[in-house]
Each structure stands twice: as C-alpha cells, then as structure tokens.
Amino acid sequence: MMDRLLRRCRIKSRLFRECLAEFFGVYILILFGCGSVAQVTTSQNTKGEYLSINLGFALGTTFGIYVAKGVSGAHLNPAVSLTLCVLGRFSWTCLPFYVCSQLLGAFLAAATVALQYYDAIMDFTGGHLTVSGATATAGIFSTYPADYLSLWGGVVDQIIGTAALLVCVLALGDPRNTPAPPGLEPVLVGAAVLVIGISMGSNSGYAINPARDFGPRLFSYIAGWGDEVFRAGHGWWWVPVFVTCVGAFLGALLYELLIGVHHPDSEPEEAEDLTAVLQQTVELDGLEMELLEGAETGDEVVGGASALTDRPL
Amino acid sequence: MMDRLLRRCRIKSRLFRECLAEFFGVYILILFGCGSVAQVTTSQNTKGEYLSINLGFALGTTFGIYVAKGVSGAHLNPAVSLTLCVLGRFSWTCLPFYVCSQLLGAFLAAATVALQYYDAIMDFTGGHLTVSGATATAGIFSTYPADYLSLWGGVVDQIIGTAALLVCVLALGDPRNTPAPPGLEPVLVGAAVLVIGISMGSNSGYAINPARDFGPRLFSYIAGWGDEVFRAGHGWWWVPVFVTCVGAFLGALLYELLIGVHHPDSEPEEAEDLTAVLQQTVELDGLEMELLEGAETGDEVVGGASALTDRPL
Amino acid sequence: MMDRLLRRCRIKSRLFRECLAEFFGVYILILFGCGSVAQVTTSQNTKGEYLSINLGFALGTTFGIYVAKGVSGAHLNPAVSLTLCVLGRFSWTCLPFYVCSQLLGAFLAAATVALQYYDAIMDFTGGHLTVSGATATAGIFSTYPADYLSLWGGVVDQIIGTAALLVCVLALGDPRNTPAPPGLEPVLVGAAVLVIGISMGSNSGYAINPARDFGPRLFSYIAGWGDEVFRAGHGWWWVPVFVTCVGAFLGALLYELLIGVHHPDSEPEEAEDLTAVLQQTVELDGLEMELLEGAETGDEVVGGASALTDRPL
Amino acid sequence: MMDRLLRRCRIKSRLFRECLAEFFGVYILILFGCGSVAQVTTSQNTKGEYLSINLGFALGTTFGIYVAKGVSGAHLNPAVSLTLCVLGRFSWTCLPFYVCSQLLGAFLAAATVALQYYDAIMDFTGGHLTVSGATATAGIFSTYPADYLSLWGGVVDQIIGTAALLVCVLALGDPRNTPAPPGLEPVLVGAAVLVIGISMGSNSGYAINPARDFGPRLFSYIAGWGDEVFRAGHGWWWVPVFVTCVGAFLGALLYELLIGVHHPDSEPEEAEDLTAVLQQTVELDGLEMELLEGAETGDEVVGGASALTDRPL
C-alpha cells in the first residue's frame, strides 16, 4: 500500500530527478560536514577535534555521493559542474538547474544543523550570534580566513585546494589510469576531501565548493548572524564562490595535460569502453547475452562486442 | 568429532536462526560500542577520546552486521525493522521476535561490558554507581542528554539522527543507485554510524537505535545504578526508544520521495533484478546455468533471464 | 641474474614454507605494533597517542596477514592455530611448528624494535630499563595489567577479548554468511583488532595472542629488563599465554553455536562450495570450463557443478 | 573544442609520458604530505596533530599512486625504482629519467606548499626561516633527526623503515600470495605508509624515500632556510637519500627469500597468469570470448585457456 502511495509521486522528467539528487546529495554533505563543526565548536573540543571536522566533511561527501551518484552523477559542487561543461562532458543547459539545486541543498542543510544545534548554540553563545570572538559560531556554517591570511594568499589557497580536488576526482574516474573499484568511488572521493582538509585546511577552512560555502553563508545571514558574514575577512565571501571555479578548471587542465591526453589511442580506447560497460554491472547481463546469442547463432562474437562502442555510455 | 557434536545443535526453524543472528549481531555491536565508552570513561581519556567512542560504535556496527547479515539481514535496530515493515519489505509477524532478540542482545552485551570493566568501574567510582557527577558511569551503558538540551531539542536531535542513518542505509542498498560493493556493506554502514557520531553526537549521544539504548539502560537499572537511569534528563529514556522510530520512518520516506521512487521503471527494473542476483554470488552459478542452457537448447535467453524477476529476492 | 640466485634458495617443503610465512607475518605484526608503542612511549605522547597504538597493532595485523595469508593462511596467533586444531580445521602435527615460528617471529621483531628505538629508549630512561615507574619501557614489548585489575578480572578480560577476535574472524571467513571481499580479509581482520583495542584495551593492553605477548616478553627479559617482566602484576605473564587459548576456543564455539551450525544444509551447501570456488578467481576458469563443456556435450550441468563439492578446498 | 585543443598536446613517447606521471604522482604525494606538516606546524597543533601528518603522507601516497599507476606503475620513490632494477623488473635505462622526474615533482610540490603557506609561515616565524628552535619551519619540507639520535641510530632507522615499506609493497603486489584487490592497491600502499609513520616516525620523520626528502630539502635550501638544511643533524641529509636505497633492497631481498621464491612452481604459475588476466577486467571479455568460441566450434577449451599463458601481461 505504502509502495503504491509512493509510486504516485514518481517524477518522469530526467532533469528534475537529477536536480532532486543533487539537492539531496549536497544536503547530506552539509548536514554531516557543518554538523561536525557545530559539534566541535559548541562542545569546545571535548566531543571532537579538528580531525573530526575533516572526517565529517569527508564522510559527508562520501554519503552525499552514495545518495546522488546513480541518478545525477553526484557533482555536488558548482565548480565541478562548471568544469565538466568547459571540458564538454556536461550540458551547459543543465548547469543552472544543477547549481541552484546544490545551493538549495546546502542552504536547507545549514538550516537543519541550526535546528539540531539550536539549544547548544544558544547555550554556548548566550544568545549572541557572532562571526568573531571567543564564542563565534558563524564558522559552523561557512568558511572564514585566518587572521594572518592576505586576500592574495586566500585566492592562491582556494585555487590550489580546488585544483587538488579535481586532480584526485579525475584520476579516480579515469578508466585508462587506475580507476577506483566500482561502488567505492564515493569512499575515495571522500578520502580526497579528507586529505585536503588535513593538508590545506588551516588557512581558510578548505571551502573548495561554492555551494558548500555560499548556501550556508546565506542561511547564517538570514538567521541572525547579520551582514558581518559577508563583510568579515575583508569581504572574503566571494573567494570560495568564484576562485574555486578557476581552481577546479586549472586542476582539470593539469590532469588532462599531464596524464589524460597522453593515454595511447587505438586499441585501449575500445578496451576502455568495454571496461566501463563491465563496471556497470547493470549492463553486464546485456553484454553476456549478446555474447551468448552470438555463440548460439554463429554471429561474430567480436562484432557483437565492438558494437558496444557505439552505445552512449 | 567436534564437528559432529556441533551439528547436533543445529536448529531448523528459520525464524529462530534469524533471531539468534539478530541477538548476536546486536551483542557484538554493544560489546564494542559500550566497551569503548567504558574504556574512555574509566581511563579518564588517557586510553581513548571521543573519536574512539565514535569508532567503537562504528566498528561495532560493522562487525555486528558481518555476524548477522547472511542469516537475518542484520537489522540490529528495532527502528529499522519497524520501518521495513511499514515499507512492506519485512513481515509484521516476525517483528516482535526480532525486536526481543535485539533487546536481549543489547542487555547481555551491557552485562558483559560491566563484567569486563568491573574492576575499572569500581576503581574509578569508588563503588558509587551514579548517573551524574564527576565519576558518573551510567553513560557507559545508555545515552543521556547534555544539560542544555530541552526535551524538544532532544526529540529533534533523535529524529534527524535516525533519519540520516536510514537515508545512508537505503542509499547503500539501492541497486539502482550506487550500491555498496558486495561484502563491504557492513563497513559502509559502520562509516554512516561513524559520521553520525562525529556530527550529531554531542547533544544526546546519538542513540539512533531503541535496542542499543533501552537494553543497556535496563541492565544499568538492575545492576545498581537505580531508577535514576529512567528519571535523569527529565525522563529522557523514552526519546531514544520511540522518537527514533519516527525518525527512521521519516528518513526512509525522504530517501524514497527524493530518490527511490523516481528511478525509471521499464528496462532498468529488470536489470536491477539481474544485478541483485549477480551480486549474490551464491546464485551467480544458477544464472549462468540458465543462460547456458538457453544457449544450448535454443530457448529465448531473455525469457530465461526475465524469469528471475519472479523469484523472491 | 638476481632472479636465478634467488631461485637457488627455493625450499620445497610445504611445512617449512608455511613456517617461514607464519614467522614473517608475526614479525611484521609485532614490528609495527610494538614499534607504535615505542614511538608513543619514548616521545611522551607528542608523536602519537593511544589511538596510534591501536592503529599500529591493527595495521600490523593487516600487513602481517598480507605477507603470510597466501602461503600459510596467516594464523599469526597460537590461540587461533590451536582453536582451528580443536575444530578439526588444522592439523595437530603442524601445530607445534606453527607456534614455534610465531614465537620466533615475535621475539625477533621485539629485538628489531629495541634496535630501532635504542637511542630513544636510552634517552627516555637514562639507561634504566624498568617495568614500572614514570619511565617504564617494558610495556613497549609486552602487556601489563592496570593497577586496579584483579587476577580474575584479567582472566575475564583476556577471555572476552580473544573470544571477540575469534567471532569476528570466523564471521569474516564464513562463506555462508557475509564473507569479506577477496583480498580485503587482512584489512577487516585488522579492523577487528582495532575495535578490540579501542573497546577492550585499557584493562590489560589486549594481548589476545600468546605469541604477541610471550615472544617480546622473553626478549625484554633477556635484553635487560630482568625477571621483573615475569613477576610484575602478580605474575601476569601466564594470563595472555594460556587464558587467550580458552577465550579463542570459547569465541569459536559461540560463533558456531549461534550462527555457524544453523546454516541450512542441502542446496545452499553446494552453493557455498561454488561461492568459495568463485571467490578463488584462480579456479574460476576451471568452473566455467566445466560448465561450458557441460553445455557443449549435453552433460548435466548441475552434475558438473556438484562434482566440485568433492574437491578439497 | 576544448577536447581538440587538448589532443594537440598529446605526447607519443612512452618514456616521456611515464616521466610526466612519476612527476605528477610525486607532486601530489608531497603536496598533501608536506602540506599537512605545514598545517600542523603553523597552526601550532590546533588544526591537526601528529596523526594528521601520518594521514597526510599516507593519503598523499594513495592519490599520488592513483594519478600515476596506470601510466608509469607509480614507483614515486627512487629507492623503489632502483630496487626494481636490481631485481630485474625495471629497465636500468629508464632509471635516471624516473629519478629526475620524481625529484622535480618533489621540488615543485615543496614550492607549492611554501606558496600556499607563505602567509602562515611568515606569521608563525615572524619572517625568520630557521631549521631549529621554537619556530623552526624547515621540518615542513624535509626530515631532521631527533636530538637523541646517533648517526648509526639514524642509519638503522632508515634501513628498517624502507625495508618495511618494500616488504608491504611486494606482498600487496604478489599474485601468488594475497594480492590487494584491483583498484585498491593505492589505498593499501597508503596504509603501509600510515603504519610506518605511526610506528617508525619519531626517530627521524620516516623519509623512506630519497625524492620525498631531497627534493623539498633542495627547495628549502634555495628558498631562504640556507645551508643549515644540509648541515643540521651532523649532516643528516645524505641518510634519507642513500641509506633508504640499501633498506629498500634489503626489504625486497627479505620478502623474496622468506616468501617470494618459495611459491610452488609448476601449475600455480599458470594459474597466476590466468588470475592476473582475470583481474584486468579489460581483458576479461577476451577470455570469455575464447571460451565461448571454443564452446561453439568444439575446440579444446583447455587449449584456448592455456594459450593465455603465452600472452605478455
């Protein structure tokens, strides 16, 4: 019965389904990520430490990807979506829909974290919601630069961080390199976010994702932290929004120029397509059936296999 | 010889075997989980920290699932069993048996932890078993809310936490999304428990499981901590028992409404069934045999495959 | 050339090869495990913490298993070898050879750790090698009970700890439950050692392995810590040596009685054999060949498959 | 369009492609590894701890391998390349090219870390770039021995550490032992680096890689830390450069003498080849096709399978 009720809610539009997945994936990412910052901040490091926050965003990314990957590919990051467009691997038409869904997911997740930690934040701050000072809590939602960081230093920091993310993601997904085992890509992308947080987190909190930073910042602006969230750090807010896009493109370019484009062309390309198909176990049966039908009817087996090359993947 | 002795103990009833598995799975989960709290508490943070407790419950969940999954499916959580019933994926008749087994496992595991840490608890408390204060030890067994937490705050906290658990578990098991690789589901569900502990643990100790909380609480009531275990936190005990069930259902609903129901229907559904079968390597041979017999006798291969759709999975 | 030189050293005796593997596996386990204790102890917690020690023994176990598993099955623990004998899964004749190799590996690894940390130990202790006190270093090599622990408490602690280890190991290797994915068993057994260290480490240092404890203790006795290593903790040394064997057997019994023996017998048993074969990809080809030959010649495919049941696995 | 632009940059030379991969792999390794030291040092342990550094180098290794493995095999370590030459598994001609690429990658990564942490280093040191003292920052780039460590102690430390690395790497890649699952080798080699850092890191910072230590040291010499980087620790710099090569060879010898050479020869060798082929899913289809063609045409299936033995892998 429940089943039939649920089926009535089915949406046929592919883009809408994908947007829902991007929305929900980013929601999970921020719920766990910002949640871990809230826990460490309001418990004053007694129920977690900096490494917990790194793990929170890493596993948040992992489960955000598990939630969305089968539907939308789990970009979960406007800078990633944009870079894929530039590389010709994602449609420019879908881009604004993806970005809006990602932002909405991050905004609502921030609201959920604020709801879950409402008592804790009130107790910790005494009701004064501030961006800086001993009981600052704006850092639960979005990133702020360290006092010593110059604007240029922040720009360089975000470019390097986002570029490193894209290099790792592209390497993990390159079927002609050493791709991550099917079903473990979300864990390994999470590990990339972990190591970026461990090695590039102290300057400005490794936003490396416009939606992760701007959505929650907008929420904190509305929810009582005021316009200081945009003015703090000499107007830091635009750096995680725009500079990360430059960094993402730069990282993708670096990976392609140093590794991607040099993969030998002829035979391995066909092999790649077959591998990709084999990795999508969903289609494995199709392959075997074709092979078997070939075996039965006497068709060229090799022909049946190479026909897969033409299929859109 | 040993082998023959053991075989005499074989139980034929499927439900009884499943209940034993649920019992033992929860036992392992609580043995490691509450054990890690006991270690951190009685060693006064010298032999572990909050992250150790998160890891203890996460890996406890992982090994609890490894112990039970092949037999009972490893719910290990009454809120999960109940939600599966509501969704029509588990039998209402079996529900009370599962829940009792889970509670019994948690109760006996708490007793085992108390036995293993008897000397440590006596040394740490000087023999005064209390629920609050500097040498409080009731928190080894069940959860208590932070001082600042209002009842509504606690209700919201447990709803969000359990909903997040169900979203992760359903995503990991959805064959039309990005399912966890076969044999690694226990590790990934453990990772979900880890990130919930890291990001939602400080308000009230992330019970997110009625058996995990109520079984050990009952033990601590009997074993000398007295009725304070039920009175503490303005009668907190019922929140992890009942509210988690609401949260679990809400999480399942969210996943289905945002992701699950929208998977396209026609062909991929058949593919899904095949994938599920392929993932159960136990049955892989059966599939190949059918396919091969089809190839041999000239039967429709597609027909042989779609016959699998009718099989209960 | 190097290759040919090495080939001359080849040993044909299967038992000798297995003993070398057990020796080297335990050597790696103790090298990393005791090494991490040495690092935390001599750096006075500045270059590691209790969790590092847990990780050191966990990953030591993982790599010890990777080194030995393909050759000897990687027991790496006399209590495990003995339990397998009692269960009829390992030969009593080989037992003493395995145990001696394990002890020798642990002894030499302790010597290697002492060599690598010689300067550090001398600097930290000022040359006074003691078992207790502020600069005690005997704990680098073997386990000592906490001050509060009674002898009975220690016995219970070691029984529960080793039983938990065996439950996890048997669950991970049970092909009719949810077995660990091929090639990842070492990681998951390491994870079991990690969670035991996190939840059962503070009472007496979770020896749970006679070789791990007695080999290094013997080394520390000879190397200058004197007979205090045997007298400390009211003669604690025999508990990790003998009680762990009782615990291991108890854990195996528990797993078999609650899970193992109840797996349904008839069809699934055949499936189990097939699964086991499928997991050994080395033999996968053989299976498919038989199936295909069956398909070709018209033999009963089921018959060809059940023939596998007779093969020793 | 982007795609066509990139394709113009394709390099045909195999050696050059491999050198680019080694360069980029080491770059990623050092970027994350030294980055994590920079974060812990300049944040004065508030945004990380010693375990973060261990994780930084471990995951740096993991992603360095993911970036390079499919192209160059991901040695990422001159001591590894040299040992493979001595064992006859890598070409002496390519060795100098690999080593130079590795050094260049480490050098440029150190420069990138210095750029990203420029403001932080300036703030932390007040502009005084020193090798020792309370605000020493040379340790961000390369390793220095602890005060207590004698030269011989350091030599022993680096020999044991690098030998342990090679034993783990060879075990993980030995197809006749328990090889790491395809696609997870980078994670497991990273885990080996993690446990070496946890158990052998406090004496002299576990360089265990000439490029990892010498490249960044050269950068720090040029960038303002001066010739103290070569004079410190009684001229420590040459130990990580040369002694690690001895240790790597010793470790490889130990693994081969204790495990590798004793694998039985005759049949299993063929099995090994088949396994290797099966693990390369790219070629899986080929195998199945041959088998199926055999089934169809009545050729000897066994003959078709053993033909694979002759194929170069």
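Labels for the chains are A, B, C and D, by order of writing; each one numbers its residues from 1.
By definition in this document, a contact is a pair of C-beta atoms (placed from the backbone, for glycine too) under 8 Å apart; a residue touches a chain by one contact, two chains touch by 3 or more.
Note that the structure is predicted; figures quoted are calculated from it, not measured.
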Length of the shortest touching-chain route, subunit B through to subunit C: 1
Fitting subunit A to subunit C on CA atoms, where both chains share a sequence, rotation angle to nearest 5 degrees: 180
Subunit D against subunit C, contact positions shared by both copies (same if over half, else different): different
Centroid comparison with subunit C (C-alpha atoms), farthest chain: A
Interchain centroid distance [CA atoms averaged], subunit B/subunit D, Å: 39
Length of the line joining the C-alpha centres of subunit A and subunit D, rounded to whole Å: 27
Multi-chain contact residues (two or more partners), subunit C: 49, 51, 181, 184, 288, 292, 295-296
Chain contact topology (line, ring, star, complete or other): ring
In the complex, subunit D residues that touch subunit C: 49-51, 54, 86-88, 146-150, 153, 156-157, 160, 164, 167-168, 171-172, 174, 176-181, 184, 188, 191-192, 194-196, 198-203, 254-265, 268, 271-272, 274-275, 278-279, 287-288, 291-292, 294-295, 298, 301-302, 305
In the complex with subunit D, residue positions of subunit C that touch it: 1-3, 6-7, 9-11, 14, 17, 20-21, 23-24, 28, 31-36, 38-39, 42-43, 46-49, 51-52, 55-56, 59-60, 62-63, 65-71, 74, 112, 115-120, 122-123, 181-187, 281-285, 288-289, 292-293, 295-296
